[in-house]
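Working notes, structure below.
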Amino acid sequence: MAYFSKHYHSPGTAPGTLVTIQKPVAPVSIQLIDYTESSVEEHRLVSARDCQPFLARETKTWIQVNGHTDPDTLRNFGQMFDLHDLALEDIINSGQRPKIELYDDQAFIIAVLPVYDGQNLELVQVSLFVGKNYLICFCPLAEDPFEPVRKRMRQPNNRRFADRGIDYLLYALMDFVIDAGFPVLEQFGGQLESLEEELLERPSQKTLSSLHELKRELLTLRRVLWPQRELITTLMRGEDELILAGTLVYFRDCYDHSIQIIELLESFRDMATSMLDIYLSSISQRTNETMRVLTIIATIFIPLTFLVGVYGMNFDNPGSPWSMPELRWYYGYPMVWGIMIMTVLGLVWFFKRRHWI
Amino acid sequence: MAYFSKHYHSPGTAPGTLVTIQKPVAPVSIQLIDYTESSVEEHRLVSARDCQPFLARETKTWIQVNGHTDPDTLRNFGQMFDLHDLALEDIINSGQRPKIELYDDQAFIIAVLPVYDGQNLELVQVSLFVGKNYLICFCPLAEDPFEPVRKRMRQPNNRRFADRGIDYLLYALMDFVIDAGFPVLEQFGGQLESLEEELLERPSQKTLSSLHELKRELLTLRRVLWPQRELITTLMRGEDELILAGTLVYFRDCYDHSIQIIELLESFRDMATSMLDIYLSSISQRTNETMRVLTIIATIFIPLTFLVGVYGMNFDNPGSPWSMPELRWYYGYPMVWGIMIMTVLGLVWFFKRRHWI
Amino acid sequence: MAYFSKHYHSPGTAPGTLVTIQKPVAPVSIQLIDYTESSVEEHRLVSARDCQPFLARETKTWIQVNGHTDPDTLRNFGQMFDLHDLALEDIINSGQRPKIELYDDQAFIIAVLPVYDGQNLELVQVSLFVGKNYLICFCPLAEDPFEPVRKRMRQPNNRRFADRGIDYLLYALMDFVIDAGFPVLEQFGGQLESLEEELLERPSQKTLSSLHELKRELLTLRRVLWPQRELITTLMRGEDELILAGTLVYFRDCYDHSIQIIELLESFRDMATSMLDIYLSSISQRTNETMRVLTIIATIFIPLTFLVGVYGMNFDNPGSPWSMPELRWYYGYPMVWGIMIMTVLGLVWFFKRRHWI
Amino acid sequence: MAYFSKHYHSPGTAPGTLVTIQKPVAPVSIQLIDYTESSVEEHRLVSARDCQPFLARETKTWIQVNGHTDPDTLRNFGQMFDLHDLALEDIINSGQRPKIELYDDQAFIIAVLPVYDGQNLELVQVSLFVGKNYLICFCPLAEDPFEPVRKRMRQPNNRRFADRGIDYLLYALMDFVIDAGFPVLEQFGGQLESLEEELLERPSQKTLSSLHELKRELLTLRRVLWPQRELITTLMRGEDELILAGTLVYFRDCYDHSIQIIELLESFRDMATSMLDIYLSSISQRTNETMRVLTIIATIFIPLTFLVGVYGMNFDNPGSPWSMPELRWYYGYPMVWGIMIMTVLGLVWFFKRRHWI
Amino acid sequence: MAYFSKHYHSPGTAPGTLVTIQKPVAPVSIQLIDYTESSVEEHRLVSARDCQPFLARETKTWIQVNGHTDPDTLRNFGQMFDLHDLALEDIINSGQRPKIELYDDQAFIIAVLPVYDGQNLELVQVSLFVGKNYLICFCPLAEDPFEPVRKRMRQPNNRRFADRGIDYLLYALMDFVIDAGFPVLEQFGGQLESLEEELLERPSQKTLSSLHELKRELLTLRRVLWPQRELITTLMRGEDELILAGTLVYFRDCYDHSIQIIELLESFRDMATSMLDIYLSSISQRTNETMRVLTIIATIFIPLTFLVGVYGMNFDNPGSPWSMPELRWYYGYPMVWGIMIMTVLGLVWFFKRRHWI
């Protein structure tokens, strides 16, 4: 993951300029669900213009645009649903932070869906337009992530979507996006646990750089989770009459989840920081131990080596009584061993007293 | 304790889905206390339906549901007392953060009871529904933790429960849950103290990992204490007319306790961080001391070893006056000892001056 | 000082239970001052009941209860002055945080008087009830700390107490409690200064643990100073009509002092943290220096020792011209010394270039 | 970049004193664009007085003053447009923080344009006066940075500037200034990435000082970005009727960008701090490894050297059976080798067990 | 600078007690400027009583009291201008934090003038009383710091003081006090820069303690700058009608300066902290390098020394073919050299591969 992965137009570009910066990943595919209190109709559309007939009807319509939306398609949608230029620009320049923008009879919402495959954290920007009786959702993923929501809609005895307004659909999508944070954090939690084990048992520079990368991913995720929480607060405050009273309790639930996710993330960050301290102290600790082994060995043998060096000297003046007489003593050699053994015992006693061995 | 211990439905699950995720620990057991100004009746019920007769009466009723509440029992309670689906889901998905949810004529409160056995910190979710004249409390523990409250209720001369509304019962339970933090923190405090002693006297990597674990438990506890404090603030603000004026002073007392607990916890966290610094510095200090011993020994003996090495050389050209004449001097050997003793004395003086010995 | 020194009833105890937890330190002693615009009367009372006659009179009455107040005495005061059960419980369970509790015609204030003898910081809980024309103050110290206030009262030309209401007396006591922080912080400041000097000159593990203890005491003191500041803010806000306009300016002065004390404390904490960094870096610095001495000595002598070792070998094949011919050279021995001196000079030059010597 | 680069008059100087403190960089050059709904006129002016004719007309006028504005020019502008003395002083004393100052029928805005050439971060102060139908912009750069905006204006089919008020021009300039942060941060991000790679592969003190400098530049940039964000909030709050409702949505977009830039910057700062930790730990790690190599080599060879030293002693009393009899044993020499090989194997086993090799 | 330099009365002293605690530095000297729209009169007064005639006149009067104000002089001023006892006490107990106190027809302001001589930072308390048409300023410095303001007043064509109320004089003094922070910070910035250079080139424990002292002085300065900023905010809020609308824009300028100073100070503190990290890491780095030199030298020569030690042994059993036959080989000695050279080459290759040399 690059440090700077934000896409932006060069300063001075006119606002609302629609130019694709990212490489297209998947072709665009449009799905439409039109539902009333009694029926659910599904259509797979080829172009934006095909949505027109549904606009006139008094039904609730959910248009899901997956894959890479090219500027032309966007412009078509823009004209048909009267979408603001700046909003369209935000869809094409993905990497926006979650936000809500209120227009006269429309709300534009950007949410971020975290997707983690155990290696790379991808932050998928989901852009929603919510009008009186329609919801348009743009998602750059090739595969539709909201299939589970669609499944629930299709259940014949599920009256929730049927009985409530388009705001309940908005809730269902937002709830999906927020809850997608749980499995991601679960994976991060698992990684943290195995990193901790590694740190305590066989710490290496590699463990540290994994920890560092994990921290960076937590930081990246955090950057979208906080504004996402605010986004839901704004929705709940209901200054726009987007959310009806009956759906509010669902958004409160969704808000609780978003707080739980943030709290988990914050404690993971705390843990990662704490683990770095452990790593540092364990290195110091090991240096200290290595040091101690060296000191013990060196301190014991260096004096002994000196001593045997003494009697390796070649002073040899037969006429002098001072010329290494020890070498000619009867018990000279055992005496040297005696001195050496006593030296070792003394040093061992010294190290014991200092709790070094 | 695992880093990620949150239970959640997979994203996209319909809200209000009641599926047990946790393994059941203990069978469900329902206790009911029905009390008026003059009498206290106790019943041990087998099913949710048995509560029906008490609902009709003008008495105050406390229903305590202990152990593992299966989805069917929950649904029964839900139908009888008109409980919200999302609230029921929160009861089954334990690990929620403390919160209060206000419905039309009912409040739903989640509080967290900390239980610590000296080894593992368990955060038991206590879920309460408070209505006009009833209170239902769900607690997953096998044994009823609120027995002391029940005992006070049974005392014939205790007019407090009798004279006040159901809000006083709510206070009694909340007070119990909050005060349960004191013995937990007392144990943490004791552990901190013994860890500190260990750190100052015989620090080891094990002490550090205990400290790390303690910090993690403090962090976990903190994650529920702060929203619990907020929860009480919300109750005291009295937007819902749940708490009567006369009981307010008791909730203020309860609020004071919750702040005291948080302050204790925060200072414990400060202390734990401070102790880590001490640990690190004590390792550095010991490395420094080990280093010094090695340096003193090595610095004294290495030059001496060199010197005796010199006179261990075998230069042997009898015709040359430069071929190690010292070896044949009369006082050669004592002279070498003299040089060595002077070297040692010089080095000892040098180390003394540097305050190394 | 123990990490956990809070006194609490076991969870589930009825609120307002009066049971002494702490060991009694000194017997109770009650002093009463009854003063009007023209006279000051002093009485030493034996029991709570003796206060009754003064209650009826239109004079201002200050009742000071020093020492260990047993539950019976408290209950008597409670009945006579209509004190709330929870307030009485807070008096007996000392270790409360500063707070103000407003009852119908009475305010209950808990303040904390810091007492420091150079070794132990004691936080003495002072509990005050302020009514229309009386003030009752409970203080567990054997000796009355407020003697200086009483002295000012007795001065015949001091019209301040006489001319103003009971709120001026409250100010005088609160001011005393707050200002008591200055000498305590002065002592802490002195200790910090001597610790800093120690750290810069002869740092030891003992200095560090003193610093750690000082930080802990600062933390403990901080825990009461912040709510004490809030307490005065609450008093000044004057929601209750406790403080009259004329006395407000005095409370503002008192508030200023409380902020000054907090700021001093916070900068002391900053200093203590900063000193820890100095300690750590000074250890690293000394390790580095020790290391350097060792490296210089070892790097100079180890090659020399090798060299003399070479010529200490006993290769001795008289028939081989390769069998250590140097040993038999005319200038062999001076040549070795020459090589050694040049090696030393080279190494000295190398160390000089690296600024090691 | 110097730590203190702020220009200020000596304390006590009269407010509004216009004295150039900075060295002039480029001569002043004045450009004027006068535009209505149907036409765009461009003029290159020589002096402030030449603007007069345009003031009288009902057109929208943008006056761009580039390069070093001398006090006389400023005074002339001041008199013609009734600019406040303090505002003029702020233009000359560059290094101001972004702010907005509202006068009766004029707003004075200071924004900061970050310019980064890969080596030095320059913060260029852009000062704007916005009146009913004119905008004056002072920029000390020699070359006009706002050329891209002027280009958009000249496009014949671009109705945005024509249809909207002077507030849209203000938006276009502010948007340019804010968006200029993106390329700067992109460069910082690239530097961070290459520094990280360096740190993980071949860390050196130089890498660290580059990191330190980068942090300082991030800090410098941060000091202007936060007040710039506030500045836009103030504009959007619309207390002054400067921004019309239709342009508000554009300012909201601009606000979003300013938050994105701040968030990027804050995460870069986090990353830089985190990288310092990695650097420190990698040094410790390498010290530890160096230590280990030394300890292994020393611990293996020091005892061996002692042993061979023993048999290098010259004890030589032919009459004593204790005088190093091993030297005369038949298998003496292989025995020593045997002992030495066993010692090595034992030590290797010891190091393996400790995971040192 | 002492850690605790606050002057305070012993707890329990009556409020408003005027006793000099500090040692008098300079005798009191009173200057008076009386000015109207058309004239400026200057007087050098001997006592407080001499101000009386000016009080009666409808002119604006500035009384500047420099040097050590003794209690009697203060009491005289107090009686003549009806100053509050607590305010007088604050003047004598210097070391107060900046604040504003509003009395009925008077404001009492304490500001702090930082004075730095490159060695000691002195915080001079300036106390001002502002009434309807007079301003009294007490400053303990011997020399009047406000001479530049007085100079501007005397300029005959300077209509600012003449045309505006006493609030403009207050602004002039406050602006002087605030702007005095710039030269102080400039000096601190210079010191930081030279400390940084020292740290990167020749770090020593002395550099560190200078850095520590600088941090302490920044902390001390910070303690007065924050409340000073608040003080100006309070003045600008204009609850008291002290500041007229026309002067407000000047106070806003003053406020901007106070924020700039605080931001500079905060970034200096950040820098100082960052430099400590650099220092610590540079020590670690140097320890690491020292270590590496030692390890390389030791690792190369210790095995060689062992080898030459082997052939220094005296095994000498002529009858045994195992008794060091190498010593008698024809190419024995060159072979040993060969082994040694190969060992060195091998180790050099090993160190190269590890990037140690």
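Labels A, B, C, D and E are assigned to the chains in the order they are written; within every chain, residues are numbered from 1.
Everything below uses one rule, namely that contacts are C-beta pairs under 8 Å (C-beta built on N, C-alpha and C of every residue); 3 or more make two chains touch, one makes a residue touch a chain.
The chain lineup, named per UniProt: A, B, C, D, E = Magnesium transport protein CorA.
The shown structure was predicted, so the numbers you read here are calculated from the model rather than taken from an experiment.
Novice: From chain A, what is the lowest number of touch steps before chain C is reached?
Specialist: Each step joins two touching chains, and the minimum needed here is 2.
Novice: Return the chains shared as contacts by chain B and chain C, ordered by label.
Specialist: none
Novice: For the two copies chain B and chain E, what is the rotation angle that overlays their Cα atoms, in steps of 5 degrees?
Specialist: Answer in degrees: 145, to the nearest 5.
Novice: What whole-Å value do you get for the distance between chain D and chain E if each is reduced to the mean of its CA atoms?
Specialist: From the centre of chain D to the centre of chain E is 25 Å.
Novice: Based only on mean CA positions, could you tell me how far chain B sits from chain D in angstrom?
Specialist: The separation of the two C-alpha centroids amounts to 41 Å.
Novice: Taking each residue of chain E in turn, which ones touch at least two of the other chains?
Specialist: 280, 284, 287, 291, 294, 298, 302, 305, 309, 312-314, 324
Novice: Taking chains as nodes and touches as edges, what kind of graph is this: line, ring, star, complete or other?
Specialist: Graph shape here is a ring: one loop, exactly two partners per chain.
Novice: List, in order, the chains that make up the ring, beginning at chain C and going on to chain E.
Specialist: C, E, D, A, B
Novice: Which of the residues in chain C come into contact with chain B in the complex?
Specialist: Residues of chain C touching chain B: 2-4, 6, 8-15, 84, 86, 96-97, 99, 101, 103, 202, 205, 208-209, 212, 215-216, 219-220, 223, 276, 279-280, 283-284, 286-287, 290-291, 293-294, 297-298, 301-302, 304-305, 308-309, 311-314, 324, 326-334, 336.
Novice: For a test of understanding, state which residues of chain E touch chain D in their complex under the given definition.
Specialist: Touching chain D from chain E are residues 146-149, 151-152, 158, 160, 175-176, 179-180, 182-183, 185-186, 188-190, 192-193, 200, 249-250, 252-253, 256, 259-260, 263-264, 267-268, 270-271, 274, 277-278, 280-282, 284-285, 287-288, 291-292, 294-295, 298-299, 302-303, 305-306, 309-310, 312-317, 319-320, 322-324, 355-356.
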